[in-house]
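Please read the structure below before turning to the comments.
In order of appearance the chains are A, B, C, D and E, and numbering begins at 1 in each one.
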Amino acid sequence: MPFDASSLSLITVEILTAALGLAVLVLGVIAPGRGRYGLAGVTVLGLIGITGVAISNWGANGSLISGMYLVDNYAAFWKITFLVSAALVVLGSMRYVDNLGSTQKEYYGILTLATLGMMVMASAGDFITLYMGLELMTISFVILVCLPSTNPRPVEAGIKYILLAGMSSAVLLYGLSLIYGLTGEIKIYEVARAVASGDVSPALILGTVLLVAGLGFKISAVPFHMWSPDVYEGAPTPITAFLAVGSKAASFALVIRIFIGALPGIWQHWALVVAILSAVTIIVGNLVAIPQDNIKRLLAYSSIAQAGYIMVGLVTATEAGVKGIMFYVFLYIFATVGAFTVAGYFYNKTGSDKIKDYAGLSQRSPLMAAVMLVSMLSMAGIPPLAGFVGKFYLFSTIVSDYLWLAFVGLIMSMVSVYYYLRVALVMYRDEPNDPSPIKLTSPVAITLIVTLVATLFIGISPGPLSEVINSAAHSFFIQ
Amino acid sequence: MSFPVLPVILLAPVAAAVVLLFIPKEEHRLIKSVAALGTFVSLFLTLVIYFNYNQDVGGLQFVTQRDWIKDLGVTLFFAVDGISLPMVLLTNLIGFCAIFASWNISNRPREFFILLLILITGVMGTFIAHDLFIFLLFYEVVVIPIYIMVVIWGSSKRVTKEYAGMKLTIYLLIGSGFLLVGVIALFVKSVGVLGAPDMSFSALAEAGAQLSNFDQIWLFALMLFGFGSLISMWPFHSWSPDGYAGAPTAVSMIHAGVLKKIGGYGLIKIAVVMLPLGAQFWAPWMAVLGIAGVAYAAFGALAQKDLKYVVGYSSVSHMGYVIIAVACLDVIGLNGAVANMFAHGIMAALFFSMIGFLYEKTHTRWMPDMGGLGRQTPKLAAGFMLAALASLGLPGLVTFVPEFTIFVGIFSKYGGLAVIGIAGIIITALYALRAGAHTLFGPPRPEYDHLEDIKGPELVPLVVLGFVLVVGGVLPSLLFDMINSGVVPLHAEISNVLQLGGNL
Amino acid sequence: MVTISLTHYVMLSAILFSIGLFGVLAKKNAVSVLICIELMLNAVNINFIAFSKYITPADFMGQIFAIFVITVAAAEVGVGLAIIIAIYRNNLPVDLDEIDWLKW
Amino acid sequence: METCIYNVIAFYMLAAVILGSAVMIVAVRNIVHSVLFLAACFISMAGIYLLLDAVYLAIIQVLIYAGAVCIMIIFGIMLIRRADMKESNLFNKQTKLAAGVVAMTLAVYGILAGKTAWTDVTSNVPVPADSLDKIGGLLLSQYVIPFEVAALLLTVALIGAIMLAREVKADGDN
Amino acid sequence: MLVEFAMHHAWLVPLIPALSFLIIVFLTRPFEKLTAFLSVSFMAISCFFASLAAYGVFNNHELAEHPLVYNFFNWLSIGIPGANELQINLGVQLDPTSAMMLFMVSFVATFIQLYSVGYMKGDPGFSTFFSYVSLFAASMLLLVISSNLLEMFVAWEGVGLCSYLLIGFYSHKISAREAAKKAFVTCRVADFGLLLGILGLVITFGTLDIMELNDKINNFKEYTSYGTLTLLAVLVFIGPIAKSGQFPLHVWLPDAMEGPTPVSALIHAATMVVAGVYLVARMMFLFDAVPAAMNMVAITGGFTALFAALIAITQTEIKRILAYSTVSQLGYMMLALGVGSLTASMFHMWTHAFFKALMFLAAGSVIHAVHTPNVWKMGGIVKKMPVTSWTFVVGGLAISGIPPFAGFWSKDEILVATMNSGHYVLYAMGAFTAFLTAFYMWRLIFLAFYGKEKPENHPHESPWTMCVPLVVLAVGATVGGFFGMPWNNMWAHWIFFGEPHHAGHVAWGAMISSVALAVAGIYLAYRLYLKDTEKVKARQLAEKYQFWYQLSFNKFYIDEIFLWFNHTVVDGSAKLMYLFDIYVVDGIVNGLGGFARLTGDGLRVLQTGSMQNYALVFFLGVLAVTILMAFTGPSAAGLVLGGVM
C-alpha cells in the first residue's frame, strides 16, 4: 500500500534527528573557523529538543506501512534512551573533541546520524529496515572510532572494528536470509507466526545460531566479544562511551525484537544457549577485568560483564524479562556515561589512562572521584545505587528455573566489586603525585552531576521508572 | 506515636553528615561535636522509645509505612519489636561511643566522620526495616564506607590494611550474594503463593511457611551461608580477625559490636521465622558449627599476641554461642541468643575502644612488649579490666546472664555439644585474663611513663559502656523482659508451623 | 540432476560464503580481507535472490533486500579502503598480523 | 522450474566459474590478480541472477560491483603503492587452523542446510515480467524507510571516507 | 523488734559493704583517712545487723527444720509462663548455718579491716585495697544468705573476682600477677563443673531454689534416675574442690599468699575458702540422697588433710606453712561433711576462722617487722613482740587441739563423728594429720618466736590498731570452743542435719587419744627445733629421707604438672588451631582469590591483539553455539542426529 502522509507524524522523531544531523554537517562546513564550538551547542540543544518531542508523543502507538516500522511505547522508550545518552555523551565530550583537530566539523553530524541509526533499529518492524539501521549505526561508529586519523591508535581500532563488523553483519545477513527462506516473510511478527506454526527444521536452527552470533558480536557476548576491549581502548573516550552505551542499548533493543519478537516459537531451543552464553560472558567479563591496569580497558571488560547480566533478562522471554532488560540498560547508561566522562576528562587533563595515575583523585577533584565511584558501584550492584534494583529485577525472572545462573550472576557481581574497589582504593587512599586540583568545565560538570543524581535517584526510589518501563514492556507484546 | 520517630532516629546521623559537608576541613573540634550531636539525638530518642515500648502488647510498634516500589511490593516499613529495639539501642550506644573513641583522629577527620555517620545509619537501618528489600538495601550499603575507612585510616600489622579491607568487603559481599539469591528465590516463590508481590517480613513469613519442605531447606541453606558469613560462623570466620586488626578503632567497634549482630538478627528474624522447616533441618548442623566456632576461636584467641586479634577471635567465639542458641529454636535459646548479641556488642565495643586508646598512646598492640600500665594509666586500665572480665562472662556484668540462659537452652537440647561450649568459658578466662594481666599488671615499663591517662571526651566510651555493662549485669530483667516480649510471639509462630510439619 | 532446485543455490551460496570466510581468516593483507568480506556478502545475495525466486516470486522481497545489501557493501568497501589508506599514512604495516598494539 | 537442459548446463558452468574465481582470489599471491578474479566472479554471479529471473539485479551487480567496487579497490591498492605487488597477498600464521574451522563450518552448514526440505515450501508461481518498475514502485512505497536510511548511510560513508583518507594539510587548521 | 527487722531484711547485711565499695570507688578515693573510717564503720554496722539476725535465728528453734525464706527481688524471668520457663529471683534463706556464717564472716571481716588500716598505711593503693575488701565482704555475705543456687553462683564468682584483685594487689610483682591469674583460672575450671551441676539441676528439677530442690530431691525418683543424680552431686562438688582448696585443685591457695597479709587472713583463711564447705553444707540433702557422693566428699577431705599436712612440715615460709595448714583444716571440714556430721564441720569452721585469722594477722605483723617471710631467718621474736607472739601461741595451741582451746573441741567432734560413722581408715588418717598439725605448727613457733635472735632483724611491736584485733581473735580462739563442748552441746542443738545430735554422751577414748597425739607432736617439734639449737638433728633427718623431703618440699610436683599441662596441651593446641586457621581456612580463602586472579590473567592473554584471531574465536564460538543448540534443544537432538545419520 502506498505511503500515506498522515502517518508521517509517527516518525517525527526520526525525521528531526536526520534533519539535525544533516544541518550540523552543513553548518560545520559553512561556519567560520572559531564558530566550531557552537556546533556542539547546537547538537546538544537539538538532541534535548528531540527528546522533548519524543517524550511528548509517548503514547502514540501505531505501525507504519503495515508493520514495516513499529512505533510503540517500547520503541519510544528506547528512542528516549538513545537521545539522552547521545546528549550526555556530546555534553561530556565538548573539550575532548576540540583537540581532535580539523575533523571536528563532521564529528557531531555523524554522531547524530548514528543515533538515528539506533532509532531505526529500535522500531524496525522487518528485517530490511532492521539491517539498514544496524549498518547506518555501525558505519558511523567506524568513522567516529577512527578520529583523529592522524593518531595510529584509533585507526588501528577502526580497521579492526570495520573488518570484524563487516564479517559479523555478513553472518547476521546469512541468518536473516535463511529465516526469510524458511518462512517466506521478512516482517518480524509474521515470521513469529510462521515459526510458531511450522516445525523446527535444521536450517532454522542454523539461522538462529547465525543470528545469535551476529547480534552477540554487537552486544559483545563472550565468544564474540574479542573486538570490544581493543576498540574501546583505541577509540577516543567519548566515542567509547557512546559505543558502550548507545550501540549496546540499540543492539539489545534489536535482540529483544528478534528473539522475543520473532522467534518465541522455538524459545526452548535458544533459551538454554542464551543462558549459557550469558553466564560465560559474566564470568569472563569479570575475571579478565581483574588484572587490567588501563581504566578504559577495565571499563570495557566491565561493560562486557554488564552485557552478560542484561542477557539474563532474555532467557525467560517473558514480559518481566523485557522489563528487566530495559530497566537495567537505562541505569547502565548513566553509570557508563559517568565513568567514561570522568576517564575522558582525566585523559584530557593529564593525558593518561593508567589507573595508577588516578592516585589521590578524591583530593584533586572530589566530584570526579565520587562520580567514578558511584558509577562503578552501581555497575557492581551495591544497594543504594541503581545497579542493585536492576539486578534484582533481572535475576528474579530466572530464579525459578535457571537458579545456577542467578548464582553465577550474583557471585560474579560481588567479585566485580574487587576491581572496582581497587580503583576506589587508588583514588581515595593514595596521595596524588601532583596535587593541583582539576578544574571542571561547566558542561562536563553538568554531565557528571546528571549521571550521579540519576544513579542515586533510580537506586533509592525506582518506583516511577519501573511504572514507565512496565507500560513500555507491555506494549511490546501486544501487536 | 504519630510523630515518625524511627525515620528521625535513622536520619539524624545522616543529617549530621550532611552538615559536616559544609564545615571546612580544619575545624576538627566543630566536626567532632556535630557528629557527636547527631548520634546523641538518635541515642536519646532510642532510649525514649525503649522505655515507653509497652512490652505486654509486644509486636511491631512505632510503625511508619509508605509504598516504595509497587511491582515488587516493597514498602518503606520501619517498625520496632522486642528483638529489634535492643539492637537499635545497641547500635546507637556503640555509634555514640565510637565517635568519642576516635576523638583524636588527625588526618582528614571530616571524611572520617561522614563515613562513620553513614555507617551508623546503614547499620541502624537494618534493625528498623521490616521489609526484606529495604533490609537488604541497608545490609549492603554498609560495606563500602567500611572499606574506605579501613583503607585510609586502618593499620597494617600482620596483614596490610588493603588486604584486610578487601578481604572484609569481598567476603561479606559474597556472603550477601548467596543471601540475595535466597531472598530473590523466596520472593518469587512467595509471589506464587500469596498472589500479590509483598516484601514485608510478615507476608514473607506467611508465604515461607507454606513452601515445600525441600524448598525451605535449600533456601535456608543459602540464608545460613549469607548470615553465617556475617556472624562469622565457623568455616566462614576468617575475615573477622584480620578485618578487625586492620580497621580503625571506630570501625572495629561498630563492626564487632553491631554489624555481626545483623547476621544473628537476620538469622532469627528472617531465616528462622520465614523458613521454619529449613531451620529445623539445619539446626543440628548450626549447633555443631557454632560449637566448633566457640572452641576453635577460643583456642585461636589464646595463641594471639596482638590485642585486636585476641578480641577478634573472642568475638568469633562468642558468636558461636549465639549460633548454637539459635539452633535450639526454643524460647530460652532465642532469648539467650538475642541477649548475648546485645551483651557481646557492648563488651566488644568497650574492649576495642580501650585497645584503640592504648594503641594511640603506646603505638603498639603487641602484648609481649607491654606491661605494667595499671599504674601509669589507671582509668584506661580500669576500662580494659572491665572489658576483659566482661568477655569472660563474670556474673554481675551484662555478659553472664545471657550466656547462662544460652547454657540452659542448649544443655537440654544438645547435651554433648553444650559441655564443650561451657568448657569454652575456661579458655575464655585464660585468654581474657592473659590479655588483661599482660598489659596492665607486672613491672611498669619506663618508656611508658610519659603516658597521660584518658581524660575528657575519651572517657565517654568507658563511662557509657561501663554503665550499661554493670547495670545490665545487676538488673538483667531490663534487657530480658524486652527481648522476651519479642521472642515469645516469634516462637509461637515457628512452633505452630513446626507442629503442622509444613505441607510437603 | 535433471532440474536446478533451491538446494543447489543454497549449496552454492554456502560454499562461496565459506571461501570468503577462509579468505577473511587467512589472508594477511587488509585489502584482501575486505575483498573476501565482499564475497561473503555476495554469497548472501545469491541466497536472497534464490529464495525470492523460489519462495516468494510474487513480491520481490529477496531482490529488494539484495539491492540494499549491495548498497551497504559498497559503502563498506569505501570506508574500509579509506581506513586502510589512513593506516598506510600513519605508516603502520598494512599486514593485519602486525597491527596488535591494542591487546590484553 | 526450468526443465530444459540449457539452464542446467548454464547453472553448472556459472557455478564453476564463480567458485573457481573465488578460490583463485584467495589463492593467488598478487593482490591485483585477485582483484581481477573478483571482477570475474561478480560477472558470473550476474549470470546466475539472470538464471533466477532477477534481471534488474544482474544489471546492478555488473554496474556496481564489477565496475565501481573493483575499480575502487584497484585505486586503493595503487594509493598504498606497495613496492612489489608480488608478495602482497600472503597467508598469515593461522591459515591451517582457519582452514580447519572453515571446513567444519562448511560441513555443519552443508548438512543443516541440505537436510532442510526446502522443496515443500517452494511455490511455483512464475516471476512477473516487468520486474524493473515493480521494484522501483516498491522501493519508494513499501520500503521507503530503508531507502532513506540507505541514502543517509551512503552520505555518511562518503563523508567518512573523505575525512579519513584526505591529506592532512600541514598547518591543520584546528 | 529490731531483731525481727534484721531477720526480715537480712539482705541489708551484704548491701552495706557494697554501698561502701561504691562510695569509696567514686567519692572518697583520694582521702585515705576517710576511706578507712568509712569502710570499717560500714563493716561494723553490717556486723551488728548480722549478729542481730543470728541472735534472732538462735532464739527460735524451729528455723532449723524449715528455714525462713523470702524473695526480695525478681531477677530474671524468661519464656512462656507455665511452659519451659526460667524464673530466677534473689532471695534470703536464714537458718542456723547461714546465721552462724553471717555473723562469723562479718565479725572477722570487721576486725581484719581494722587491722589492715594499720598494715596498709602508706601504700599507694590504700583506698583501692579497702574498696576491694568491702566488695569482697559484700559478695561473701550475699553468698551466705542466698536462697537460690544461681544467686550463690553469682556471689561465688564475685568472691573469686575479689580474690583475683586482692592477690594481684601488688600488681608490679610478676609473681603476684601470675598467682592471681592462677587462682582465678583454677576457680574458673571448678566453676565449669559447678555450672554444669547447676544446669543439670535446673533442667531436671526445673528450679534453682534450694528449698524447692530440697523437697524435689527427697523424692527424686519421679524426676530422674539415681545415676544422673550422682553425676549432678559430683559435678556440684567439683566447685568446692577448687574454692576450698581440696586435693587436685588446691595449687592456687599457697601461691595466693602473694597478696597482702590481711587479704590472706580474711580470704584465704576465714571466709572465702570456707565458701566451698558452706555450699556442700547447704546442699547436704543432695549429697545425703547419694551415699556414693558422700563417700567421695569424705575421702577427698581426709586425703587433702593428710596431703597438706605432709607438705606443711617441710615448708620454710611462714605464710606458706599457714596456707597448707588451712588446706589441711579445710580437708578436715570436708571430711566432717563427708561422714554426715554438719555440726562438727560447722563447729570446726567457726573455731578455725578465729585461730587461723589470728595466726595470719600475727604472721603479718611479724613479716611487717622482720621484712622476710623465711622462718629460718627469724628467731626470738617473743621478747620484742610479746603481744603478737603470745596471741600466735594461743592460736598454735588452738589449732593443734590442746583442750581448753577452741581447736580441740571442734577437731575432736570431727574425729568422733568419723569414728561413729564407721570410716576407720579416715579416722586413722585424721588422727595422724592431727599429730602432723601439732608438729609443723610448733616447729613454726619454735623457729620463729623462740630460739636465739638473729642480729640483722630488730623487730618492734606493731601499733594498737593491729594488736587489738589480735587480742580479740585470741579471745575468740580460746572461748570459741566452749559452745560445742560435748557436755552441754549448745552447738549441736543449733546446727544439725537430720536428727539432732544426742547430747551428753562423751567419747572419752577419742578425746584422750587426740590430746596425746597433739602433745606428742609438740614434743617432737620441741626436740628437733628448740632443744638442739643448731637444728642438727633436723638436718640429718632431712638428708636421711632425702627423697621424701624433696618430694614434700616441692609440694609433690603438682604445680609443675599443672604448668606443664597448661603450657604444652593448652597453649600447644592453641598454636596448632591458630596455624590451622591461618594456613588452611585462610589458605582456602586466599586460594580462591588467587585462582580468580590466575584465570583472569590466563583469559587476558587470549586477547592477542590480532584481528584475525578474534575472527577465528568468533567462528569457533559460532560452531560451539551450533553444537550446543543442536544437542540441547528438546526435539532438535533427534532431528539433527536423524539428519546426520
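Simple rule for what comes next: a contact is a pair of C-beta atoms (placed from the backbone, for glycine too) under 8 Å apart; a residue touches a chain by one contact, two chains touch by 3 or more.
Remember, predicted model here, so these are calculated numbers, not experimental data.
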Central chain (by mean CA position): B
Reference chain E; chain at largest CA-centroid distance: D
Best-connected chain pair, where connection means C-beta pairs in contact: C-D
From chain B, the most remote chain by mean C-alpha position: D
Rounded Å distance, chain A centre to chain D centre (Cα mean): 31
Chain A-chain E separation of Cα centroids, rounded to whole Å: 77
Distance between chain centroids, defined by C-alpha means - chain B, chain E (Å): 36
Cα-centroid distance, chain C relative to chain D, in whole angstrom: 6
Interface hub residues of chain A, defined as touching at least two other chains: 128, 131-132, 135, 139, 142-143, 146, 149-150, 158-160, 163, 167, 178, 181, 184, 201-202, 205-206, 229-230, 415, 418
Shared interface positions of chain D, touching two or more other chains: 92, 94, 98, 101-102, 105, 108-109, 111-113, 115, 118, 121, 143, 146, 150, 153, 156-157, 160, 163-164, 168
Where chain B touches two or more other chains, by residue: 170
Those chain pairs that satisfy the touch definition: A-B, A-C, A-D, A-E, B-E, C-D, C-E, D-E
Complex interface listing, chain A residues touching chain E: 159-160, 163-164, 167-168, 171, 200-202, 205-206, 208-210, 212-213, 216-217, 222-224, 226-227, 229-230, 266, 268-270, 272-273, 276-277, 284, 287-292, 415, 418
Partner chain D, residues of chain C touching it in the complex: 1-12, 14-23, 25-29, 31-32, 34-36, 38-39, 42, 45-46, 49-50, 52-55, 57-60, 63-64, 66-68, 70-79, 81-86, 88-89, 94-97
Complex contacts: residues of chain E adjacent to chain A: 596-597, 599-601, 603-604, 607, 609, 611, 613-615, 617-618, 620-622, 624-626, 628-630, 632-636, 639-640, 643
Chain E contact footprint on chain C (complex, rising order): 21, 24-26, 33, 96-97, 99-104
Parts of chain A lying in touch with chain B, wherever the complex brings them together: 377, 382-384, 388-389, 392-393, 395-396, 399-400, 403, 406-407, 410-411, 413-415, 417-418, 421-422, 424-425, 428-429, 461-463, 466-467, 470
